[in-house]
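I'd like to ask you about the structure that follows.
Order as written gives the chain letters A, B, C, D, E and F; numbering starts at 1 within each chain.
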Amino acid sequence: MRVLAVGAHPDDIELGCGATLLAHQARGDEVGLLVMTTGERGPQDARSRIGEQEDAAAILSASLIWGGFEDGNVPEGRDAITVVQRAIARSSPDLIYTHTPRDTHQDHRATAAAVLSAARRMRQVLLYESPTSIQFTPSIFVDVAALIESKMDLVRAHMSQVLKNGLVDLEALEAQARYHGFRARLRYAEAFESDRFLWDLAPMPQPRASERVALQEPGPSPFRPPVGEIDVPVS
Amino acid sequence: MRVLAVGAHPDDIELGCGATLLAHQARGDEVGLLVMTTGERGPQDARSRIGEQEDAAAILSASLIWGGFEDGNVPEGRDAITVVQRAIARSSPDLIYTHTPRDTHQDHRATAAAVLSAARRMRQVLLYESPTSIQFTPSIFVDVAALIESKMDLVRAHMSQVLKNGLVDLEALEAQARYHGFRARLRYAEAFESDRFLWDLAPMPQPRASERVALQEPGPSPFRPPVGEIDVPVS
Amino acid sequence: MRVLAVGAHPDDIELGCGATLLAHQARGDEVGLLVMTTGERGPQDARSRIGEQEDAAAILSASLIWGGFEDGNVPEGRDAITVVQRAIARSSPDLIYTHTPRDTHQDHRATAAAVLSAARRMRQVLLYESPTSIQFTPSIFVDVAALIESKMDLVRAHMSQVLKNGLVDLEALEAQARYHGFRARLRYAEAFESDRFLWDLAPMPQPRASERVALQEPGPSPFRPPVGEIDVPVS
Amino acid sequence: MRVLAVGAHPDDIELGCGATLLAHQARGDEVGLLVMTTGERGPQDARSRIGEQEDAAAILSASLIWGGFEDGNVPEGRDAITVVQRAIARSSPDLIYTHTPRDTHQDHRATAAAVLSAARRMRQVLLYESPTSIQFTPSIFVDVAALIESKMDLVRAHMSQVLKNGLVDLEALEAQARYHGFRARLRYAEAFESDRFLWDLAPMPQPRASERVALQEPGPSPFRPPVGEIDVPVS
Amino acid sequence: MRVLAVGAHPDDIELGCGATLLAHQARGDEVGLLVMTTGERGPQDARSRIGEQEDAAAILSASLIWGGFEDGNVPEGRDAITVVQRAIARSSPDLIYTHTPRDTHQDHRATAAAVLSAARRMRQVLLYESPTSIQFTPSIFVDVAALIESKMDLVRAHMSQVLKNGLVDLEALEAQARYHGFRARLRYAEAFESDRFLWDLAPMPQPRASERVALQEPGPSPFRPPVGEIDVPVS
Amino acid sequence: MRVLAVGAHPDDIELGCGATLLAHQARGDEVGLLVMTTGERGPQDARSRIGEQEDAAAILSASLIWGGFEDGNVPEGRDAITVVQRAIARSSPDLIYTHTPRDTHQDHRATAAAVLSAARRMRQVLLYESPTSIQFTPSIFVDVAALIESKMDLVRAHMSQVLKNGLVDLEALEAQARYHGFRARLRYAEAFESDRFLWDLAPMPQPRASERVALQEPGPSPFRPPVGEIDVPVS
């Protein structure tokens, strides 16, 4: 299986679905990350948030694509959609994770809107919670009891945020997993709203084929697609 | 995997999730059916609806339990909950299917309420659509393109309804699967609202053990638990 | 009665409410179309989508206005609102049809937002479904059993999309009308969410007067209002 | 056209949709009322609420059926559904008005549930607001500017409530019509949530035939259908 | 200020709003508890749950009324409403706390429905979360950082449940307060859905008068009002 | 207590929460106003809407900040967010009032989105209704019976709108307060949706300290922050 997780800033993905991505990694699934901005306006220290995100991707054995947008200013509309479409075209994911669109952070909202547009021909889009989400009402849960400590380590890769951003709080993160777990009758859970989820009930185990096209290699340098070069049909 | 499907009347389960149950059967999962009433007030012919439901259960290789309630009068409350709890205790299902609670048919609403109460310690409850459901907004889909014809055959087991009940319409049933499929980017789909769904991302394939306790054998004669004999804790 | 239907791309209106517009035509109502883009990024063949939309308008005896925006890039905000306001000012519609705003396609969302803003002093706005809509929960239905075949012919005017765009699927379109019809206890229905609908219970039949002001003549050439020339108060 | 309005207590119908019923009357439509209880536990004076409801029915030229249930104790379930089914069978309404089901009054909720069940094969159910409704979000409006004074007179037929029940407040009633009217860009409106509404766009005016079966004559004496005599299929 | 908290079973109130009631106690507000059942079907030990609830009431300096209903069988309808109305009549609360009605436990749902009905003339009803609530979306928060330890002690009064009922989990309870607190930008919070909340912006501090009528003294013995003796108007 | 009210145009704040601000004033709370545009495209007369807004601010003893955006064109995104963040930084409000985001007016939507983003670390955001709001479902109410006449006077400060804008209608405004009041069991109420509301149950009366930092003095001349000078962290 191939999954693509999209977040607005370094650490958004890990906070929202880090343990689930660790579970994908453990299964041998291919994991790709698309981070729309480098979070350059957050309280980072000298070691750049780019490096922190690269470290997190390495822990996840995930490829990493940068969206190249400005922190605080992710556009709603075609430019952002095109970036996501390109990431989809490269990695052919079976499922996409992104922010729930009900969020007070403008970059989270814009990212969610772009992903929902870009993924409109896909069959599976799951939406994760952020500290700024509102009225999050999940219906799909992943058991992360065995992974909660590893998730904490993963988030710690984003050292600058853990130390300085009041909305990145490891204790609250554990409480969140415990709360959603309790509601799902699990010890710890990551929780998702489902835009569309295809439950695979095929009788045969799905071969995880070696014929899969190689996922995009990690690309630490931000890129922005030239306007006018968009080749993926949108309607 | 063990699943239990609960419906108010003969044919409700097959209309709502028949193809999905056929997929479970094909995987070797154990399927149990709990039908709350015999539908005795519907437009049945001489051949009883009990027999039709038994035929459908046979096609599904499913055990069948009758709830023993009166058609049109499924109670909201403890009696119905107890019947569902007993069925759960016997079959230890991993997942329950039942009516969405937003439905204009009183028996569908009462059945849904009873199942949600009885299953409140379980991890997985999926809700299917009926012809009388309202504002059905599914988020989990099962690909049934290979099973839509078999589903039609399954529903035809309920011959009396297909011939005489205007709300059982095979053509509309196919349109429903086509509509939900199109929305989920599939050819045909059964669609579910998710109260709670545990997505199993464990790395190892789940053994479908032979140590499973045998499911309740088909029980054509309706039973009603004696009041006062309820032994399953409810709070 | 005068109605205005607004869509983002050629074919959106016909897919969403084509049979209803045919019913308006049969009643002698005036029908206007406003199409925000020419859909130039879709999989069209040589014969332009402009011509296809003109053909569809001719079948509907409808006037046609082009919004002049770029496919995939309909703006949210004043420019789009102004275009809709101008179309309203010209045709004085009693009712507007447009996309439901809950849609994963950015152009559909932007068009819906623009129409809802521009029509905020009007009494009737009905919202139709697209293949990319989400959580569509209609409450007003139009019986289109007698018109479903004509609707198919109308959509076939958009030949390039029917042949090449996977989301334009005549079979799925019929299933959609059958599904909504079944839910509304009709054979085939077009379904609408209602932002505001005025049910006319006046005792006298409404004269469909010949004194109506002429609707804007069909305008095949795209126009875009000059910025700064906006004369319709917006607050 | 034939309409049936169902309310839990004397005055509920007039408060919720009295002006709309006056509009039906003015059009020559047949109006039937079904009142589930006689409201005997309210603060009535010597002149019975039965008489007040009869007076209101006379003003509306409406037939009147009593449901025969106990005030404060309208059952959720088959008995109430059967009463509504009988009223439907007698009057063959094209449309039913009843309480919105989101209401803190148990009798309003039970009545709404019963009507939604009994009307599940009908094409049109509109839901009106009561003083105890919650989160009422109407989408269909009727212009009652010409009828607001007549509505006040109609409600004044329920003299005992106007004088003594704090939740029957003519000034608040006018404010309600003014508020909903303003939101619908009308002067005064009655507002409805729509469960299902069939918008008739047929080209020919609908003949209001003389072959209509006569509506049930007003029946002031409460009746309750004998249990076991229910002959209307429910599933 | 006078508040009344209503729960279905011993411990429901303390789990849902225990810290908030401690805050009321600290302000000198009068606190009343109404517990609909004695929870006799839960996994209690020899020391009765009645005694545990009395202990909790003593910690809260709260009066205690028992509803007298059977565990697992709280009725939806007039009997339960009457019990709540009597409790309201005795204690004249300014605000009522109760279960959110969206809950899979039948007793929680029935209690919430009864309270919403009984309180329909009151100005303030806040709804708390239970382990079986679904889609809880709070909008009013109380800062309980200084009270979270005391809340744990309060819940420990319900020793039998803490030891034996899997859905009473002190660690999960703390995680819940931490989660809601984090979302409300507090350290620990209790969270409420608001049916109606009156924010008092009066310029003068509200006198907490000594002329208050005495609250009903704690009544450990269950009572059930005789049918027919109901004297509180319901419509 | 310090509150900040944000509106898109002159008069939006007074229409939405004018009486509540008068109540704050009467308590001695500090009130700040942020108006995003000068409403220059509305039907104003010679006396500018700037002056009218200044008059309204004076009546409220409120400081006034202008957002400096163009009427009809308030941006969704960083520029608007930055303006709100600056206003927050200057006045350190405990609570913010703004438009509900469900509104058909683009400026209202954009203002609401900007405020929700800018206030994402705050504990209290209440949302008011406008004539163009849709599906407004309030849960927090302020009793304004003693202030409704003063609110009318406050709105009359916006003379140009009262005389010429059909959506500013004092009679409808009173009906709105009467309607919401009736629903909240009050005579007149202003009603709010609650994004987050912290109910202060601290035992001691809150000192309204003289050490408060002075609110920004009224700034009648519109300003627009230079792009690039944004210094408030956003993520």
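Assume a residue touches a chain if its C-beta (ideal position, glycine included) is under 8 Å from a C-beta of that chain, and two chains touch if they have at least 3 such contacts.
Predicted, not measured: the structure shown is a model, and the values here were computed from it.
Colleague: What are the chains that chain A and chain D both touch?
Modeller: For chain A paired with chain D, the chains in contact with each are B, C, E, F, in label order.
Colleague: Using residue numbers, check each pair in B-E, E-F or D-F against B-D and return the one sharing over half of the contact pairs.
Modeller: B-E
Colleague: Roughly how far is chain A from chain C, centre to centre by C-alpha average, rounded to an integer in Å?
Modeller: Using C-alpha averages as centres, the distance is 36 Å.
Colleague: Give the residues of chain A touching no fewer than two other chains, as numbers and ranges.
Modeller: 76, 121, 183, 195
Colleague: Of all possible chain pairs, which ones touch?
Modeller: A-B, A-C, A-E, A-F, B-C, B-D, B-E, C-D, C-F, D-E, D-F, E-F
Colleague: Which positions of chain A touch chain E when the two form their complex?
Modeller: It is residues 131, 135, 137, 169, 171-172, 174-176, 178-179, 182-183 of chain A that touch chain E.
Colleague: For a test of understanding, state which residues of chain E touch chain F in their complex under the given definition.
Modeller: Per the touch definition, chain E meets chain F at residues 20, 23-24, 26-28, 121-123, 139-143, 183-186, 193-203, 205.
Colleague: Which of the residues in chain D come into contact with chain E in the complex?
Modeller: 8-9, 39, 41-43, 71-73, 75-76, 104-107, 109-110, 132, 134, 165-167
Colleague: In the complex formed with chain B, which residues of chain D make contact?
Modeller: For chain D paired with chain B, touching residues are 76-78, 81, 113, 116-117, 119-121, 195, 230, 233-235.
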